[in-house]
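Structure incoming, see below.
Going in written order, the chains are labelled A, B, C and D, and every chain counts its residues from 1.
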Amino acid sequence: MTNDILTPTATPPDILRCAYMEIVVTDLARSRAFYVDVLGLVVTEEDENAIYLRTFEEFIHHNLVLRQGPVAAVAAFAFRVRTPEDVDLAEAYYQELGCRTERRPDGFVKGVGDAVRVTDPLGFPYEFFYQVDHVERLAWRYDLYGPGALVRLDHFNQVTPDVPRGRKYLEDLGFRVTEDIQDSDGVTYAAWLRRKDTVHDTALTGGDGPRMHHIAFATHEKHNILYICDKLGALRMSDVIERGPGRHGVSNAFYLYILDPDGHRVEIYTQDYYTGDPDNPVVTWDVHDNQRRDWWGNPVVPSWYTEASLVLDLDGNPQPVQKRDDPSEMAVTVGADGFSYTRKDDVDQGFKLGSSL
Amino acid sequence: MTNDILTPTATPPDILRCAYMEIVVTDLARSRAFYVDVLGLVVTEEDENAIYLRTFEEFIHHNLVLRQGPVAAVAAFAFRVRTPEDVDLAEAYYQELGCRTERRPDGFVKGVGDAVRVTDPLGFPYEFFYQVDHVERLAWRYDLYGPGALVRLDHFNQVTPDVPRGRKYLEDLGFRVTEDIQDSDGVTYAAWLRRKDTVHDTALTGGDGPRMHHIAFATHEKHNILYICDKLGALRMSDVIERGPGRHGVSNAFYLYILDPDGHRVEIYTQDYYTGDPDNPVVTWDVHDNQRRDWWGNPVVPSWYTEASLVLDLDGNPQPVQKRDDPSEMAVTVGADGFSYTRKDDVDQGFKLGSSL
Amino acid sequence: MTNDILTPTATPPDILRCAYMEIVVTDLARSRAFYVDVLGLVVTEEDENAIYLRTFEEFIHHNLVLRQGPVAAVAAFAFRVRTPEDVDLAEAYYQELGCRTERRPDGFVKGVGDAVRVTDPLGFPYEFFYQVDHVERLAWRYDLYGPGALVRLDHFNQVTPDVPRGRKYLEDLGFRVTEDIQDSDGVTYAAWLRRKDTVHDTALTGGDGPRMHHIAFATHEKHNILYICDKLGALRMSDVIERGPGRHGVSNAFYLYILDPDGHRVEIYTQDYYTGDPDNPVVTWDVHDNQRRDWWGNPVVPSWYTEASLVLDLDGNPQPVQKRDDPSEMAVTVGADGFSYTRKDDVDQGFKLGSSL
Amino acid sequence: MTNDILTPTATPPDILRCAYMEIVVTDLARSRAFYVDVLGLVVTEEDENAIYLRTFEEFIHHNLVLRQGPVAAVAAFAFRVRTPEDVDLAEAYYQELGCRTERRPDGFVKGVGDAVRVTDPLGFPYEFFYQVDHVERLAWRYDLYGPGALVRLDHFNQVTPDVPRGRKYLEDLGFRVTEDIQDSDGVTYAAWLRRKDTVHDTALTGGDGPRMHHIAFATHEKHNILYICDKLGALRMSDVIERGPGRHGVSNAFYLYILDPDGHRVEIYTQDYYTGDPDNPVVTWDVHDNQRRDWWGNPVVPSWYTEASLVLDLDGNPQPVQKRDDPSEMAVTVGADGFSYTRKDDVDQGFKLGSSL
């Protein structure tokens, strides 16, 4: 079903970058403790229903909105567009795609103005906006930095059953693939796509979806990420560390995955590479390459493949999740009939792990 | 004379980023020792007349060309454009500006195809190209990294007498100012301008010009820059360190300035911030702010203000240098009648230096 | 059997620090490639039978001797003593213990002079020496450093069935315990013991022994250790990474464990703490604390508990290995009846791992 | 006058390490803001007259006592000794030296028990103690760390006119020289002396004395020191940075010098090397070597040579300061007749600085 999403004739909006995510959390105070006290995100403003957080180098109102709600889920993946007119273009584009859209001249959240939200062809709640309040860019406010300071929102990651289908839709929208994971049968397991000059603004991870896999924030240096782990240990919260820290094969960035109180996954990320040239070399990884997801060959814990957050429709109801028909990356790499290699031509197809318990 | 450079009606080329600099060096072997053995730049190819060097994350043929010649100077500031047609646009644009241009379908250097070189309105030799050979992107080749690995070309910096005049011309060309240094009389001492999403692709430093102030390469982390200093010490070459290391106020990046065997200045730089939104907040610094150039208030050595490299015209002859009429940043900050402050309202107008010898 | 090793009346030797390990490797060239080309240890000298390696801040002849031999094993754990007379004291001390000793005025390896080797009460081949050739201390030779430079030998780690028995013997010898792991029944699973001012010069890991668990080298910073992992990935040797990188609970140091071509385990380690005061606080960890060995709660792979290197007797024959009677740390933490906690009073006794395959 | 200080027959005390400094500050609240709010030292306890501060890895009561007083000065350089009896030995030793001593079984400050203070032969107020309250060692308390966390007290540095005279006295006391600075005429400009296994517990800087040159605290990594500079910039306090950051030649450590509100000098320091062997190689630097104090050849600002803190006698009165007769390091390196070289045999005797203003 790779080509069932039409390519609109309308001009797509000019998307600058992923800008913020609105997530519903079941206990706002507990989530505040996680994102503010533990991770050090900056509170732009807050009320009894929502908290608006940003990173240290951000100048727009927020990169993350936490909203109290009954079901933990993602309400919006919000992208900033280049001009106010691009909001009109987005609305028309998605309407041509047959998607449900909702336009609000005063925005959907505080700090953001005229915006359109859509349920996209993959079932994800996307938002496009230009107007946004400017706040102090705290880049030079070293007096406010903690040792694990998060300096930018880097990307989103979405779980969807059919990666090529999603890829085509996003490429029509103007995204460009920088890296992907495939096998020799042509199955695509994941793809990374960009608008800004980094490896990605969002990615498609093959699996049951639509679900949100993770939101990623960047630090300046790798020791900042190590510090977050050290701090979680000191707080006796090491069990929120799901995977890592480590070096990615895909993207070449240094990473860590942790889980917030609702189980929403957060990645901490640094030092990928420039992708802004139109002929940026696309990197395709073999799904059986044991260094693709962790360059050091450390295992990808099963929950990383299986768990993800629900997403909402425009009425605020969780989207039903479709199963992935294509092979599962976990099954083909570490399942009973799976295999991974460290060196491609090596007859040793074992895993890097020591002998299992 | 701020408006003597006309604004062309022709469409400017879509410039992606600064891509490479071609510099003339008087002793190719000695320069090779500096850029390859000391700084660890990667040799893409070389012959008896020229060496083509790149950084670890680069996928185009080169970021620096060293060419043997009688006079140390800069032959070209080369920018990559988005499409082959943008080379045509560049040629027409500069011709409308009344600049001398030269078009070579086979390029001016190895590894680059169709390109146009111009002597721009400020006297600088600019090049615009799209076609370029792709080479292996060594980002994952940690086995080749040294402790001071240079991973990207970050920016150029040009000395010109009249900064607002140059700024207008570059803005017409599509550059956007991210930061500048001014005084309360409206004199502009320097400006930083971008095409890619970083603080700058080039900058205008007020002074006698046209001259090349520096070329800058980026590292992943600050310790990589400290290592370069440590290595220079170990090689008993510490006298090539001109200024730094330190933290910039402008750009918020960590930096070091060193001098190559011909006195060409090289900056090593890391961790500025994202500037890709069209309303990216412009930061203007007061020239008397002692933390503008070095956030820690360490002095800017006089040679940093006064010394720079000659640039060539399209015949390969050094461009005559015009004197700056506007006040000199050095004079107004550390000259006999100059002053710098750490805190704006502090009546203490002394310098951060200890008592002078 | 905690007190079967007598406390000698003879004065123990004044031990300064762990100084070098002599290990037998089955393929000297292949081991050279590992320790020199991959890890960057410095070759002091070499011949067809042995290679003498040192770290960057070392001034004595070597920290590691690789000797070609049929069976991979450890020939000597060598400690430096304060004076030539302490070699006499060592010889007498071990003779009083009833241990076999061998004295060689010209040393057992190149670069070391008068030394005594013993098979100690736990079956380990210890050496004590004072006389040693001085070589250039390369601390300032940044031109020779790689990004993962090993700067010091930090410690040994020995596997022995009865930790309290070994502890008493080492305490009589002058070692002081800094940290250990116990359970509420008084079983000791491991202990760390020092002579120099760091957390340890050697440690006793409860298990079948005598066997050598690992030798550890220190780096200056944590990124040096991350680099070693990155380099192993680039060389497609990620499968030599056994465990980590991570932060230890015990010692608070940052660590990585890798396996050499013979399966000898090497730890890369940095930033523990000062222990030189006689009342240095001893830290006892609960064996069920999931943050004791990895502060971030990342699992200790089973091979880390089960695998270790044979050690030789004074004739060069492998010592028979005795089984540990006390409970196994692996069994009580991750075995079928084992448990680990992140928070002591938490009723949740699960592991930090995601759901198992 | 090198040998006027007798060598006592009494056994010197066994000194473990420099343990704390008691400094008199003229405005306790302002000093608290500096040491606690800016530098992040941990408050063990405080009252209206004094604040007891420690570093993150310390387990004794304090490493720094700030005491309110009319004249900024140092009241005591306190060293911990190995046993209670060593306090008796210290008292007898200094009495034999003809020094004034004062013994207080309940200590001179909170948290310290039986101690003896002396005015030593160089005029410095030394203290020796064993008994001290234990407090929580915060090494694992990453939740309390700032980005510039100070983890240990590393050393003192004292200004004295006659370095060889002071060296002999300290060697008799049991200190060992690790590094020094001399010229070809045999003049000693400075010496570094140790008890613990680092490069020094104290140092003698040739100059008018007795005065305290600086107290030094260690961080884990170099970026922690860079952060302190960044934070001072953010607080618009960059003018407290006196010199650095940089790499030392002597000690090979990374450093920064800042000035507290009274002008007391504080060094932040990391990564020197192990010195615990009795034949640790002594490093002698040529005073004309421009890389001896800053490995990168950055200038030593004049105030660093000339300014230092008064010290008190046992009545709390400032000690008169004697002038240094030997040549001044500043004069012979950067004075009118001075010179420094980057490469010893280079005929170029210029400084690394650019052309002076």
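Assorted remarks:
In this section, a residue touches a chain if its C-beta (ideal position, glycine included) is under 8 Å from a C-beta of that chain, and two chains touch if they have at least 3 such contacts.
Quick caveat, the model's predicted, so the values are computed rather than measured.
Seen from the Cα centre of subunit C, the chain whose own Cα centre is farthest off is B. Taking B-D and A-B together, the chain pair joined by more C-beta contacts is B-D. Mean C-alpha positions place subunit B and subunit C at a centre distance of 50 Å. Put simply, the C-alpha centre of subunit B and that of subunit D have 42 angstrom between them. Subunit A and subunit B have centres, each the mean of its CA atoms, that are 34 Å apart. Residues of subunit B in contact with two or more other chains: 140, 221-223, 230, 233, 249, 295. Those residues of subunit B that touch subunit C in the shared complex are 140-147, 149, 221, 223, 227, 230-231, 233-235.
Against subunit D, in their complex, subunit B makes its touches with residues 221-223, 226, 229-230, 232-233, 236-239, 241-243, 245-247, 249, 254, 290-291, 295-298, 301-304, 306-307, 334-335, 342-343, 352-357.
Every residue of subunit D that touches subunit C in the complex is listed here, in rising order: 16-17, 57, 59-60, 80, 82-83, 134, 137, 139-140, 151-152, 196-197, 220-222, 249, 252, 271, 273-274, 276-281, 295.
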